[in-house]
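All chains are identified by letter, namely A, B, C and D, in their written order; residue positions are counted from 1 within each chain.
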Amino acid sequence: MSSHVASLLVAGSLDALTYWSLAFMVAAGLTVVFGMLGFLNAAHTSFYMLGGYVAYTVAGATGSFWAALLLAPLLVAVTGVILERLLFAKLYRAGHASQLLLTIGLAYVIAEASKLVWGDSAFAVAPPPSLAGRITVLGATLPVYHLFIIGAAMVLVCVIAALLLGTRLGMVIRAASVHPEMVGALGFKVRDIYTLVFAVGLYLAAFAGVVMAPLEGVYPAMADDALVQAFIVVVAGGLGSLPGAFIVAGLLGLVQGFGSVFFSAYAMFFPFTVLGGVLLFRPVGLFGAKSA
Amino acid sequence: MTAYPDALAEARSPRRAQVLNLHATVEALVTVALLAVLVAAPALFSRATINDLGQAVCLGLFAISFNILFKYSGLLSFGHAAFFGFAAYTQALLLQSFAGLPVPLLILATGLSASVLGYLIGQICVRRSGAYFSMTTLAIAALFYAVAFKWHAATGGTDGLDSFMPSSLMLLPRWHLDSPGISETYLLVLAILIPVAVAAWALLELTPFGSAVVAVKHNEKRAAFLGYDTHRVKLANFTLAAGLAGVAGALWAIDNSFVSTDSIDLSFSTTVVIIAFLGGSVWFWGPLIGAVVYIAASDWLSALTPHWQIWLGLAFILVVLFAPGGITGLVKSLWRLALRPQAAANV
Amino acid sequence: MSETPLLRLDGIAKAFAGTPVLVDLDLSVRAGERRGLIGPNGAGKTTLINVITGAHQPDAGDILFRGKSIRRLPPHRRNRLGISRSFQILSLFGEMTVGENIRNAILRYRGLHVSPRRLLRRLDTIFTEVAAVAEMVGLGRALQERADNLPYGMQRRLDIALVLAQQPELIILDEPAAGLSAAETRDLIAVLQATIGKRTLILVEHDMDVVYALSDRITVLDYGLVLTEGTPAEINANPDVRRVYLGEEAA
Amino acid sequence: MFKTLLLGATAGIGLAALQPARAAAKDPIVFVAAIIQSGPFKVTDAQNLAGVQFAVQQINKAGGVNGHPIKLDIIDTELNAATTKRKVTDAVLNDNAKAIIGASGSDVVNALVAVGQKYHVPVVAFAGEADDMTGARFQPALFRVASNTSMHASAIVYAMQHAYPQVKKVFLLNEDYAFGHESETGFKTALKGIDPSVEVVGSVFHPRGTADFSPYLQQIQASGADFVLTADWGADLIKLLNQGSSFGLKPRIGGTFLADPEILKGVGNAAIGDIGSDVYQPTIDSAENKAFVATWHNAYANTPIPWPTASVGKSYISTELAAIAMNQAGSTDFAKVEKVLEGLHYASIAGPLVVRACDHQVQIGQPTGLVIATNNNPYPFPFIGPALIAPLNVIAVAPTDTGNPRCAAAPNG
């Protein structure tokens, strides 16, 4: 009996951590771009989907998941740079309405364009053989790939934090998001910094898409499926707050990981429960600015 | 916003007042013509066209209600389908339970229930603005969708609700029709839609209430220090928009004699944004035009290519970048452009 | 028993991020008084106005208007009691016309601001009033101009017109002459002297000509405390004031 | 540039629009095919569209309907009931459509039926499996070729019992909405009827669009089940199968919607040994089917659907059924066609078929099969092997059990 409870606990914790990692990874880029540039990208999960599809192609061509993990986010980020220069840059000062509207249009275009390229089918992406196995802890089966997902999310958190807090570039980026004129006057090209931040945001989206692919497969509806949860994480965390998104993703992970076992009939409402719970106590989200 | 009518100013600047009046008159004439064409449509077009038009005007009213929030309060709702869908289901259930009551009464009840819902939800949403507002409405609509999807006993889940049919179309209870024809239903829809929409237009364009809503939109802080309860003003407009979306949903249920989760899902909330901006958010009636164009264009495109949504997306991007006023905004600015040299010549 | 002051502040304290801006501040303004508030930058003048009008909640202390606490009231409720303020950084309805700007103020004051049953066009008295207010501040010819398009000096006047249009019992002006030329300032003083009448005024201003012209008592703030208070002549003669404030102004 | 683009697009689109008009034959009879042609679920209906188109082509080659060729109006349902209803109504009013073939999405089918009822046009459904559609909510315009939930569940259980007779403990995993709940009941009823010794050791509903199935996989493992029954479909089913495989799930899976190349392609070897079933399978061992498979492959060898599939078969039969009935009735009049359809039977590609008169549910022994490795099946990935027919007497729902008042009055169907 107690071993059964232990295995449930271990399994539930792992599931919670996996959800945490997944929810955070998908939302991270969205909140970075919003926090730094004030740009709300409704097509964010379209780039996440694009990451999955490109990974499918790269993995198919090279036979290596690692190559896909390396290349696909870069390719998507490059696409993002082009789009940023052509489209998004025109709307930094235009207000959230225009940004949302433009990116909705873009989401339609990406969805259909990727169907033109990859067709309408779902594809499986195999995890690399080294991550395909599973281990048993206290009677609970743990797929190694889940551990990889958790690891990937942790690395991501550390890299972003180090980049933003520990480097000179990060300092300039943070300064540019608050006082663009000042940073411009200091001789930095604010324009390029914005492009860079956008590229990082889309890199994160695509990275999440690649990591997700062996778990979920890639399929045309994956952008829509991820969008609401990503928005919920970002809103409840406080728009633009990376730590907020991290904590809310964690709450969501806890509720999903353990709730799915005990209250599976209400699983569809879990994200709203978390959102409602957070907003009840902090109407602007966990780390939201009062003025928003 | 209405031109500020000031006799002194008009006397001082007759040319300008003349042009302003001309614009207002033309707008009024176009509106009347638009509504007249809609009413006369059954005599002018085929039944299939009326069938399409029926859905288009319901969508149009829905888009108008969305635009009431956006144009007058600057609030971009991403979950407006919550009210539309809620009302569509409510209307279907009312018709199933009270089939004997006059339909306009039931529609009114549905519209009211939607505005009560709007009042309650607005308490949460309206406290935020900008992106927060958009995302909060999105999340609430997603919750509504989840409820409609799961609560099979009330909503029919993925099957939807059907087999409800008004037994009497108009206020006269004796007018029993087993299966009202397309034109009858269409005219009933218009008989409700036009007065409701015109009333909303008048409320926002002609009364102090409308000017308060606009004042709060333009400068919420100053409005507060002039004594406006800005939260309540926005909440009132949110309630109005929700009620109007509710009437649109009720009419939609009657026009389709069918309700499904499509009327409450997130893509429908997005569709209405697209319709409103395609038609133009600067003119009150723009979204109505947007709905007609959207239905016509999407039917035409979808018959041509399965990838029609790429064109829809591109068209939308172009509208956002180059014609933020949508179709009617484009026409309006062309018309002003055409008028300018003429007016100058008149001096 | 002494007369209840129109406005009384009792031990008001306010700090931002740990830095105290107002420290245990008492202030009392009689009805009909014209009070100038001066002090060097950072003395807490604008914060004081924000606390009186409800933009900021004080950390401690109470605000009494006609003897009743208004501390917990939101800004619009304080306005409805008869407190109307202008803004140091202009806050107009920029995309609306001058006429519409003033109308916003009057409709609210007349209690018609959300009436759904009247047509705007029919509210003739309002329009007469709008025209009169505009005329009063010298904007009579600009009723149909967009506020954004007005020259800066005219925007200042419009800001004040919004306050005057509401015929408030307590007028609070936050640096009304900021950014104005000498000529514009003279015009402004004339306009204000002609229009304020018997109403109570709290005036924050750096331009001492304006302060002396419009105030019958002056309070000097320094580091969130009341340094001294008195008639313009007394203040002018006070050496402390000359040191912390006027001296700086002269430099 | 924008202007040129627009002009070019308009000209191109205009030309394309002219083409079908020229190709149209004289006074054809119009059939409407309601197909998802756009949006994320488009893939679901590509096979259905091919099946309908192929059937129309074959029928026209054989002389059409009462001497008239069939013209197909394909409408994009967008998986949206209201849009579908509007477009189908237009087709009926404008083109005088005489039959409606469709559709994926149970609300879309309901919309079709509403139009069919109103304008007296038969609706032949290749999808939409809710029991009560031909039961308590029966409407005469609907004729259903797709099996209902109960029949489908029984066929899977039958196949399970034959392929894995040692199975004694099953776990039920279904999506948390009406259809999932109905399927769960269907599985339980089927288990009781077919092999009461099999015990249900667990039953869980998960939300649609579940990303990570581990919590459910843990539960299945903990329950000690040796088989899993599921009515999951689409992306959820693919995720379940893939994640089950990487989790090392021992029990095999029987899936209502597993017999679909779009699923199996996305799963690969992980599906070998699982069970699928549907009204039609290309591996049915009959002369009619072999001929059909050969003709199909001849025509479609170089398309994404080189061999017929379950969906192809169902949509083909649906179209064929309407044409046969109209030919036998010598008319397209609804009353006459309905009369012929009720009780109509013939040897279809899926086997002997009867349209049950009382509830308009097509009765057919349902092919089932194990997923087998690539080299023994038509598709280049593991696919359903030789078909084992679950006989009608095992899977059929007795007329009196349908909840349809017309069937209660006519207990023999």
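Criterion: a residue touches a chain if its C-beta (ideal position, glycine included) is under 8 Å from a C-beta of that chain, and two chains touch if they have at least 3 such contacts.
Here the structure is a predicted model, which is why all the values come from computation and not from measurement.
When the partners of subunit C are compared with those of subunit D, the chains appearing in both lists are B. Remark: the per-chain Cα centre closest to the mean position of all protein Cα atoms belongs to B. Across the assembly, the mean Cα position most removed from that of subunit D is the one of C.
Put simply, the C-alpha centre of subunit A and that of subunit B have 34 angstrom between them. Annotation: 49 Å between the Cα-based centres of subunit A and subunit C. Our note on geometry: subunit B versus subunit D, Cα centroid distance of 38 Å, whole angstroms. Along subunit C, no residue makes contact with two or more other chains. Residues of subunit A in contact with two or more other chains: 111-112, 115, 224, 268.
Shown for subunit B are the residues that touch two or more other chains, namely 149-150, 307, 309. The list of touching chain pairs reads A-B, A-D, B-C, B-D. Interface of subunit A with subunit B (complex): residues 34, 40, 87, 90-91, 95-98, 100-102, 104-109, 111-113, 115-116, 224, 227-228, 231-232, 234-235, 239, 268-269, 272, 275, 279, 283-284, 288, 292. Listed in rising order, the residues of subunit B touching subunit C in the complex are 1-9, 12-13, 16, 203, 206-212, 214-215, 218-219, 221-230, 233, 236.
Of all residues in subunit C, those touching subunit B in their complex are 53, 55, 74-76, 79-80, 84-85, 87, 91-97, 99-100, 103-105, 107-109, 112-121, 123, 127, 130-131, 140-141, 143-144, 162, 166.
Contact residues of subunit B toward subunit D in the complex are 46-48, 51-52, 55, 149-150, 152, 156-160, 162-163, 179, 182, 252, 256-258, 260-263, 295, 299, 301-304, 306-309, 311, 318, 322. The residues of subunit D lying in touch with subunit B in their complex are 2, 9, 13, 16-17, 37-39, 42, 75-76, 78, 80-83, 85-87, 89-90, 93-94, 105-107, 110-111, 113-114, 118, 130, 133, 137, 176-179, 181, 208.
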